[in-house]
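Down below are the structures I want you to see.
In the two complexes below, chain A is the common chain; its partner is chain B in one and chain C in the other.
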Partner chain A sequence: MTNLNVVVCAGIVPDPLQTLDPVQTGEKPGLRNEMMLPHVLDPWAGHALYEAAELVKETGGKLYVVSIGPKAKLQQVMMTIAQKVPFQLIAADAAAGGFSDSKQIAVQLAELVKQIDGLDLSNTLLFGGWESASRGAGTTLQMVGEILGVTDQFQGVDKISLNDDGSFKVLERIEGGKHLHSSCSGAPAVLGWATGYLPEPPNNPQIGMTNMRTIMPALQQAKPADLENPELTFTAVELPKQKRDTKIVKDISADEIAQEIIDWIKSK
Partner chain B sequence: MSNNERQSMKVDIVCVGFGPATAGFLSEISKNLTYDDGSVKLSSRAMPGMPLQIICYERSDDIGFGVSGVVSKAHSIRQSYPDLNGSEIPLTIDVKKEKLVYLLDPHGASSRSAGLKITDKILKLGKWLPWYKKEALELPVIPSFLQKHDGLIFSMGQFSQWAASRILGSGMVQLWPGMPVDKALFFENKMIGVQMVDQGTDKKGEPADGYMPGMQIEADLTVLGDGPVGNISRQLDEKFGLPDDHQQKDWAVGMKMVIELPAHTNLKAGTVFHTFGYPEPEIFGFLYVHPENIVSVGIFVPSWYENPVRTAYRYLQQYIKHPYFRDDIKGGKLKSWGAKSIQESGKRGEPHLAGNGWARIGEGSASTNILTNSGVDEAWETGVLLAQAVEKLAAANQPFTQENLEKTYVNMRRKSHIEEEAEQARHSRDGFHRGFIRGLIGMGLTGLSKGKLNVKTEPKSTHQILKQPEDYFKGRISKERIAELKQQAFSKGLALNDLLMQELGWPEIEYDGQLFMSHQDALLVGGKVQAPNGYRDHVVFLHPHLCKECDNKICIEMCSGQAITPGEDGVPNFDNDRCIHCGACMWNCVKPVESKVDKINIDFQAGAGGLHSAEN
Partner chain C sequence: MYTLATLPGDDIRSIMWRFADRFELQMLVQSVRAVARGPVARAVAEGARNSHEWTTKKSQLLKAFDESGITAVFMDPEYGGFIEGPKNFALALTAYELSWVDAGAATGSLAGNLALEPIHERGTEEQKRTYMGGAVPPQQGEDRIQYRGAFGLTEPLPYVGVETGMLGGKVRVADWSADKEPVLQVEKRGRFITNMDFANFVCVAVESDDDRIKGSCMIILEETDPGTFDRGAPTLKLVHQLSSTRDPVFNMKVPASRIIGGYTVKDGVILPNFSHAEIIDPVFKHTRVTVGLMTAAKLVSAVEPVIRYQRGRFRGGSLEPESPRYKLGIQQKEDALHRTAAVWAAGEAASSLGFAAARLFDELDPMEKEKEKYFREQGINKGRAEFKALMKIQQDAVNHLENDDDAPIGDPMIQYVITDSLANVLCPATKLWNTGEGATVMREAVSLMGGYGITEDCPGFLGQKWMDSQLEATYEGPEAVQRRQLSITMTNKVFLTQFGNWIQRLENLSLTHSDMGIKSLVSGMKIWLETLDYLQTHRDENNTKLYSSSRQGVTFAMADALCWLLSSYYQMEDVLQLLQKGPENAAVAPNLEGYVAFFKDLCFIQASRAAHQVAQICSELYYGSASTLPESGDILTPLLQELNANIAGVHLAKDRAAEALTMVMIPEALDYPQ
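Right after this comes the complex of A and B.
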């Protein structure tokens, strides 16, 4: 299929390598000193972006990145990704810190997608992260698709294979480390990506130079987006955590260590 | 085009490294590339019809990952941004109070001379004096050359983010972090640009999966703002040498922690402490109180220090446990941590500032004032001066030749206050090569006489100064015991310093997991230290046989991230996932291989990764 476009809905998040600390900011939860922390493209959205770049290389279509966040942070994130793959940015300026209502974000993202000049949605795949590295209910992308009337949706995607007639096959993650194999007759469709199989592309100064000529004007023109939802109340928030439980032992056998790990896993 | 072909790209100006100097350069020049109506003021040769095409490459993964304990008068920064409001930049506050404090040794474990021990005893007799507090003497007067009143306390990371945001917001300049620059490119004697580091290689630099040769960026002018350990600057020094009689022998590693203070602290935001005397007499320290109960606290371990215990981390832990600070910090939480090398040769270490197609700014151009211990504002100003020179030359359609850059940029620097103050400071550190007391006297004389009176001496390199543990600790630890400790350290794959300090009576650090933790755990705080895959190792031991012969291996002792560890065959191991790119290994090798520019047996190249904190 030729000229198939891909729109990647890409969130930005505080660098997950930082110590993230939830705090109450006014009436809603937030992250301590979030604006001080360096931000990155949400790693899940990153996988979607790199897969999308490979796909449009194949189809000759165009790659769009749609993102909502504080302008200064979007600018910072663009410095780290714009050398990797060519894309056009469509951005909205919002204080998207802390924990936002995924529906409000989905509404705004869908609006941005609708505003893309000349985009034929029937010839477009909508990509994004299946989950978020630091926050997110895992529902935003699904709602963006619903608002735009795109009902073919796949989540936890690791691979897409295009056929000449525009149909495609998708591998979706399911339990037990296996994949669900699905076929779809063609665009439009929503694909929420897991990790995929592609490595992060190297930095290419030529791509960066070209991208920045359109990214900076896009950021300068970014309109404010209202993400407030006065009806929403948060009862609790939690960040994804990597828990480390270190124990120093001497003189015990590999079998005993293995048994202890099995017991620990069973207890969880 | 295959990924294996080296590509090239043409711009007008390429900048190497983004620190305060490059920020000053880009801030100034980005204001003057076009007229108010958007028409081109300074035309591009690389892209006719467009304004000058300027691009900057920074090695670290983000422009906010720099390290410095910053208290600055910020004169030049304020000239660039007259509307500068400190409250716009997180962790920034006006200096409200300054203290200069001599810290005594409460444990008797430091290596103090007999004279200093007597001085300490006399000071302790004056416990009733109002200036004596908690094993420390607050000096009633701070010499004017050390004062920072009307200045700002800020975080290098947050300031860099703020400056970069303004620069990028102009839309006139491109700034790319995560892009180490590998080589200076020359055609005959003219620098024609730079080559980026190859990506997709194994640790030895051989092509591997996803190999992409580093692109060549051709430019009429290369601006070197790559700091004191920048590899492009060093390549130029190797090619052109240093000016006659100039030498870069004085260094220090500055290590800092950013700590969230406990609620009960008495430390007030805007207070600046300068300290000396502890943990070792030669180790100077600082503590700056930011807003919101945050402090930056750090120490400087100098190259002129004969002591083979060169662990900045353990000494910094001892420092924050000193009774003078202890109660105000106890119960605090480590938020971030980092280290960097500082070039402390000042004017006498100044390299060539400009050549055909290149100019050097910032700390790597010897802008740091070694008397006043200030470098950020000075670095910024050198960037501004170069920008003004470039504007003049570009407007007159003059090429960036050595002659033209010397007539403009170098000439402007020579007439600047940076030059005047650097000249005054030229010999301010000399005395420390003759001992701590003489060093202090020399610094005081230089400062108070504005450089007319000095304690002069010829500085020496680390390998000429450093003593073997057996010699330095003679009378305190026996040779046999040192041999045992060396064996213990080797068998555990660790540096010797912790064991030596324990033997000398330094109290053990009890880890609480909040403020006090192992060196390796600190690498995980405030943004984990890490290196991306696909790059070669950037620390290379040039001649393994020299490492095998070396029984000192101070590179291991001094390594700020414990990235260099003992190796089985006598050649140290290097783990780039722990390296914070402080460059201390570059001046702590005791095996010189070439005398011309004090080249030693470690090649410290440009590499990716490192610290991931924007709070330092």
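Right after this comes the complex of A and C.
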């Protein structure tokens, strides 16, 4: 399979190490001091990006990164990501933070993909994160695929193996720590990545310098994206509360432990 | 009361330190940070500093430096680097990021550059191509051994030590057959030589021990040259243990083409094109700035761990989570907050001074090349002739500065002289004040962590940083060397005229920015200037000049005083830059007011402290240099009174900064291990 392109939908999120404190900002929730927090590439999207880079290296295709986020923060994140792998950025300017409607984001992402000059969707795989370090509705990528008419979709992907005829095999995560093996006749397809198997590539400033020649103009040209959805309301927003009840047992089976957890969940 | 939202991040720093529009430097910062807070921090946390030996764990850092681009920062693109133009500021940022975690790692990285500096400054084209190109990590598919260098100047004690004016290392002619290149015998013993565990070439400074070689020079020795390349014993240093340091011994035969900068033969004598001093001077002229920034990084890096420690001090007991004692911990106490603010203020001043110096050297580098070219075209040779020519241009520079400081300078030579005079002050000032005062302030930061501060697992490695700062005050020229240089360069009329212009400018600025202590800084500057003038024009009761090179009790003290003023001045410049450019950054603009207000308060705290340090030093010299008051009339007392009036409100600035420290949002945890 040659010249297979990959488009990675990659969001940015506030660095999870920071204090992420939900507060009311105007009519909807946000994070306290969100714009001042350092941002990172959403780790799930990161896995997708690094897997995609390996894939296009193999096929000789082109790698595109499509992202929606605050321009200033996108630029900051690109200072790191641009050094990892070669890609072309297509960006739109909008608030991040995990409180945007996933449908609105999907619509905007699909628009950005459609705008990629000369992209043949029939020869393209659409990658992204299966989950997100943000609020993580886990639905965005699926909707992007649907809007673009790409209905072969795989979620929780850990591996893709290309065949010479363009078909490929996919490992998807399922319950019990197992993988589902699937075969697909070829592009286009949507792959929502879990962690994959590749490590984060080391920084390579030469790649960075090359990437930045196209990334900076792309950021300057990034248009505002309308993510407003008046029908969306948040009744309450709070951080998960930590609760730990510890008991030490040494003589029960895994099945019994599992049953106890199920009973506890049912009781809640 | 303003709000300091979060600790200042890259958006703010890139504006203050003037690299918001240089994405290659922003990428470099991220790249170096990943190494510093990743492999470097893990090495420190796992106890890699507890050995003098070069261990596997330490050597892995070289790979991290190579992969992240740190090794190649120094190189020009033609030799495989990725940053165009002068690299002083890029190297300063690199050192700052690495030293945020561990300055030994920074030293290890910079020492490779230091080895290449003589070649970069004075080397022949072939030498540059061989060693600078060879020092760039091999690319994928490239099969070659990477050059890693060491800088061999310092010699064993007693006797020579680091005296750059004389050398124990010797060079003789070993073989000189007709029509063949001479072969030289080089003998050198080194002490405290960084990178010696793995260096495969060393640039050594040696003196002729042979009538057929004139003067001194620097020579490149390679590991594979015939003779002894003994790496020597590890130096038993207490600090910077992530860098490799040994006391090597060399006795080798090398071709004369290894003389850095080449040579000519006249009347059967080898004349090196550059003496070792002519090579070392331009090297040390700017490399010391990065050392000063190492200590600056430590001070600013201490803020977050100190705040986290203060707030969490009493958590975990039976306190109610909503109680002030639980929430604020030691931050309920004014003293802890005021001292934290003072540490932060000093760190800001040190960073601002260091980065200003680094940027200035980036401006100066091309000017120096132009100057060299201009003088050679004019037939003006190095040495006395060049000195005389420069003296004439200096007067033109003073005239320009006195007449219209803001007018564009048409003559590049005048521009060079003005920039050079400032660089000659800022480099030693950064090295001297940042490391010397930095070490003292770092001790304060350690004390703010209680007993935790002097443990190996203190968050932010503050105890180690305190110790490390003492070495930074010493290597690449100890404090006395910096004071000596300053005592000469700070009396250059070109610098003093600029200094006077700064006073004018600051007085104007104080009318619109009355809340950052500008007036107190101006008072300090006037006190220093008047005292210097007095000392330079008066004699003591023994009719000896008060200001002369032999009176280091006077000249060195005045050098110390100037450094306080310079660091405070550049701190204010950076805050004014943030105020001006911050609104253009969408991420910064919404919270800009709070950041600027906080930084202004830190400026005031630092300016007041600086001015009073100057007042103390100058008072002692002015009033104490004779058994009676100066006959010329007391010029200092009115200025001292003015200073006291101009610090009105500084304690309120401390209180505001303190309150901001209780509310600033910090990350959940430090982003590197402990």
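Here is the rule we use: the second predicted complex is superposed on the first by the 233 of 268 C-alpha atoms of A that agree within 3 Å, B and C clash if a C-alpha of one lies under 4 Å from a C-alpha of the other, contacts with A are read in each partner's own complex, and residues count from 1 in each chain.
As a convention for this text, contacts are C-beta pairs under 8 Å (C-beta built on N, C-alpha and C of every residue); 3 or more make two chains touch, one makes a residue touch a chain.
Quick caveat: nothing in here was measured; it's all calculated off a predicted structure.
Of the two partner chains, chain B and chain C are each touched by A:79. Shared-chain residue A:220: touches chain B; no touch with chain C. When the shared chain is aligned, no partner comes close enough to touch A:149: not chain B, not chain C.
By the touch criterion defined above, A:230 lies against neither chain B nor chain C after alignment on the C-alpha atoms of chain A. Once the two complexes are laid over each other on the shared chain, residue contacts for A:70 go to chain C alone; chain B is not touched.
In the superposed model, A:208 makes contact with both chain B and chain C. Of the two partner chains placed around the shared chain by superposition, neither chain B nor chain C is touched by A:118.
When the shared chain is aligned, chain B comes close enough to touch A:199, but chain C does not.
On chain A, the surface touched by chain B in one complex and the surface touched by chain C in the other have residues 15, 17-19, 33, 35-38, 72, 76, 79-80, 83, 202-206, 208-209, 212, 216 in common. Partner chain C is touched in their complex by these residues of chain A: 15, 17-19, 21, 32-33, 35-38, 70-73, 76, 79-80, 82-83, 202-206, 208-209, 212, 216.
Residue ranges on chain B touching chain A, taken from their complex, read 7, 9, 11, 55, 57, 61-65, 90-91, 158, 161, 164-165, 168-169, 171, 174-179, 196, 199-200, 209-210, 212, 215, 217, 335, 525-528, 530, 534, 612-615. Within the complex, the chain A residues that touch chain B are 15, 17-19, 33, 35-38, 72, 75-76, 79-80, 83, 199, 201-206, 208-209, 212, 216-217, 220.
In the complex of the two chains, the chain C residues touching chain A come out as 5-6, 9-11, 23-24, 26-31, 34, 67-69, 72, 82, 585-588, 590-591, 665-669, 671.
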